[in-house]
Amino acid sequence: MDENKVAEALKNKFGEKILKIMIPKKGEEIAKDLVIPEIMEIKVSKRRVFVAVPAEVYKEVIRYLVEELGFNHVQAITGLDTSKFIEVMPHLGRGITVTVKTRIERDKPVLSTITDMVPGASLHEREIHDLLGVVFEGHPNLDRIIVPEGWPENVYPLRKEYAPEQPKPLREVS
Amino acid sequence: MNLVKWARLRSPWLLHFNTGACNACDIEVLAALTPRYDLERFGVLLKGSPRHADVLVVTGPVTRQVKDRLLRIYNQMPDPKFVVAVGTCCISGGVFNGCYNVYQGLDSIIPVDAYVFGCPPKPEAIINGVVALLKKLEAS
Amino acid sequence: MEWLLELLQILVFPGILFAILLAFIYEWFDRKIYAKLQNRVGPLYTGPSGILQPFADFVKLLAKEDIVPNDVDKPLFNALPIVALTLSLTGFLALPITGLRGIISFNGDLIFLIALMTLICIVIIYSGISSSNRFSTMGAERAALQLLGYEIPMMLSAISIGLVAKSMWVYEIVSTQASNIWFLMGPSVLGFAIFVLCGQAELERIPFDIPEAETEIVAGWLTEFSGRKLALFRLTKDVELLYLSGLAVALFLGGPSGPIIPGLEPILYLVYFLLKTLFVLFLLTTLRALFARLRIDQMVNFSWKYLVPLAILQVLLVRVIV
Amino acid sequence: MQEEELQRAEKKSAYELFFDIPLGPQHPALKEPAFFKFKVEGERVIGVDADVSYNHRGIEKALEYRNYIQNIYLIERICGICNVAHTLCYAQAIEQLHGKEIPPRASYIRLMIEELARIHSHALWLGVAAHEIGFDTLFMYVWRDREVVMDIIEMLTGNRVTTAINTIGGVRRDISDEAKEKVRKGMNILEERVKYYRKVALNDPTVNARCSGVGILRPRDAIRLCAVGPTLRASGVKNDVRLDDPYTFHDEVPLNVITCDTMDVLGRVVVRVDEMLESVNMVRYCLDHMPSGDVKIKLPLSPPVGEAVSRVEAPRGELIHYARSNGTKNPERYKVRTPTFENIPSVADMLTSKGDHDVNIADIPIVLASIDPCFSCTARMEFRDVSKGKTWIWSLEELKTHCKNRG
């Protein structure tokens, strides 16, 4: 299955529900005034498919990809703060990488989990929860994990407003 | 007392502690034990338990989470004890200086007796660092 | 003057001081050979060829701070290192070194010697438990399990020797060999192999260093000991190493006997003793370098599936032949 | 089985019920700070909690505050052992953003260094694995011969471990003909030695006793838990980024993907050792077929607005970087997902006794080592509660009191 077939299958299944599908090709320019302006151009890259979906159909699209098309490997889930929205994008697949992009409100960052379909995604979701504060509904265990013990509540290091601050030395250095 | 000093100089047992390093220094510390470099020539042994060790070899920038453990291990070691900071990250934070989870350097946490710079230092440099520590001891 | 001489024998030569000195040299030999087998140099700069290395380690540990953690059982924790060292030194006194008899020698002392080794192991179990550290307790538990594994084949192989010599007295065992043939040359080859393997387990060395497996349970039962207690335990282990190779020599290699020039017996006996024990030590070290550590269940399995039947076979063999 | 275990726990046998064994953050078997807590019953492991947050340094945030050139060196220090894979992946991502391709000679050099680093990493792993099972002699021998490849890397790049050879737009150094000769010689030595170690690992009875049948990961679980790299391939799944998603010149250089269907630690040993031989051949192919030409193109500091996903087969498995640029000299977001992070669920699965498959305490170090963990890469943490419904975790204080009471 090549990237065009994936795109076609997705288009046939979901049609208008999907905001945009991109298959970056060498030298191809992608217009910037598309549905999600912050999703930008990519020029050189083979075997990559980018699918932008609204949060409502996010889980459906993933389920279709995992269960029907066989993209049952979660490479990673990237979380990203654009300072207007939070974007969550799982990268699926072993050969072709299908990146499903969805965005959620910054004030109410809630998204449904995909761990029920791919147990291996559990860690990635917890990481995003920890660093960006996204709540994954239905995730079995969302304790804060990455940040050290005693890290303040509601401070998420990867959010744009967080300015990195180095810890204070414990002793005077001569 | 001279006998004790003589013995101390000839039998420094190391405890290796990684405080969040990228592994490069760690594998070089290990490499220093292997046939080409063979630290055992100087009587150096790598020990597992802090209770048995004389020299704490620390690699890597000190992260917030690891700080308490570092202090605990340092306190568990019997006196007299010495600390060697291996690698630039450990000495000053290195490329990680400014990161929100990393302390400025090992000597902002515990006193350090010898510094081995390099990113990572070659095994020769690590041996040199241990020898420098011993020289310092001998002079004291 | 008799008692003074005896005291001197016990305290200096060939007694305690000699044992400690020899133990240091044997540890050095062990480390050096081990390093050679691993393509390394080993201790080099402490004394000529690093021969003073174990001594330096010992002195350094004596001078270090001695930490007694809060949670430990203090009386036991403090007493056990001394008990262990005493036991292993007592064992050494019974070995024939400069003559065919050891300093302590009585009829049936073979049983006493084997019991001593078990006692040392029990001290180890106690020191693990008294440490109240999870790794130590783990180590003690493993030491106990391992004891169940090697104890019986070791005893059987020693008993088979008793059967050949028709005595349980080390002196008679040695003199039988001195006047006839070393037991190693006879049907006791198998017994020797079993004894050396079990000795390796008794000494907790690879492949049987399960109770102090560094990568699994830090330092096992030794984890909490520091300073002079650690020094004493290390010395115990060294003396035990010496004692075990001495016992193997006494039982299978004819003790200190060998071709004799009249008048020079004690010196020649000593030389033969050293050469033979070094040979056994070399075997033990080679074993240590050749294998990976077994798992405790594999060790017990190995012992009961192979060593025990082989040891019984050995006893039967000796019974039929002799 | 879970039920049975629960019942057994309820009975409270005379034997000490459950016992926590902590592993780390300082532990002889772990060269890096990570914290594992094993629930054991006797010598049998029934549960595992892992905490690898000790190595969290905040690199992803720091990457947003540094420019693209500075980031090469920060990326390199995510992991010292697989630094070549990291910089390669980073350089690829940024080149994708630029929309430029690098000269073929540069690609070849990148591939060659990548394979050399794989040899070094696998050799290192073999040694450490031998050390974990107490086979120090093998450890010493493997590390002695590893110095051959270290010397080659030092000669080609200028540093033993942290090479900094890959840069945006190509590589920093060209390879001379004399150097090529030396590499060839080194490869001959390595091939012979690796074949010997393969024989040792497969034939030594104690190595076999400790490695075979230990740390079982079934193919179905491996796929379900998203295992990657040699861990996955040793479960018999043929998957390799170099094959599935060829980057640099992996579609030109011949490659056999090694798999092994034993699903255990020994399988992972075999896969890694065979991969070393495969890498030796690839290095040789590169030396023979290296085109001439430039090794670097000049690219502007700030790439145009865009995003890119870059994948590399690091020694430990699939490595993926995601980059988004906003046109300035700092990236908008740079995400790194390392192989060890992906393999942690699998190793937790391997370390839990289930059915008739028991995991022994003594197996922990070697099973843990078998995924070639690199927590500096991972810098994250996981918690996995295996004994569902009821936990028997004792806090440290509770355990201490318990010890006191018993003493």
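Labels for the chains are A, B, C and D, by order of writing; each one numbers its residues from 1.
Simple rule for what comes next: contacts are C-beta pairs under 8 Å (C-beta built on N, C-alpha and C of every residue); 3 or more make two chains touch, one makes a residue touch a chain.
Since the model is a prediction, treat every value here as computed from it, not as a measurement.
By number of C-beta pairs in contact, B-D leads over the other of B-D and A-B. Mean C-alpha position of chain B lies 25 Å from that of chain D.
Look at where the CA atoms of chain C average out and do the same for chain D: the two points lie 42 Å apart. Centroids of chain A and chain C (each the mean of its C-alpha atoms) stand 63 Å apart. Among the residues of chain B, those touching two or more other chains are numbered 34-35, 48, 63, 65, 98-102.
In chain C, the residues touching two or more other chains are 38-40, 214-215, 218. For chain D, the set of residues that touch two or more other chains comprises 27-28, 53, 56, 58, 61-62, 65, 140-141, 144, 379. Chain contact topology: the protein chains form a pattern that is neither a line, a ring, a star nor a complete graph. Here chain D touches chain A in the complex through residues 53, 56, 58, 60-62, 65, 95-101, 223-227, 239, 244-245, 304-309, 311, 318, 320, 322, 324, 332-333, 335, 337, 341-342, 344-345, 379-383, 385, going by the rule given at the top.
Note for the complex: chain C touches chain D at residues 37-40, 71-73, 130, 132, 134-135, 137-138, 142, 206-207, 209-210, 213-218, 289-298.
Interface of chain A with chain B (complex): residues 147-149, 157, 162, 164-167, 169-171, 173. Those residues of chain D that touch chain C in the complex are listed here as 19-22, 27-29, 43, 130-138, 140-141, 144, 204, 206-207, 209-210, 360-365, 399-400, 403-404, 406-407. Note for the complex: chain C touches chain B at residues 31, 35, 38-46, 50, 52-53, 55-60, 63-67, 214-215, 218-219, 222-227, 230.
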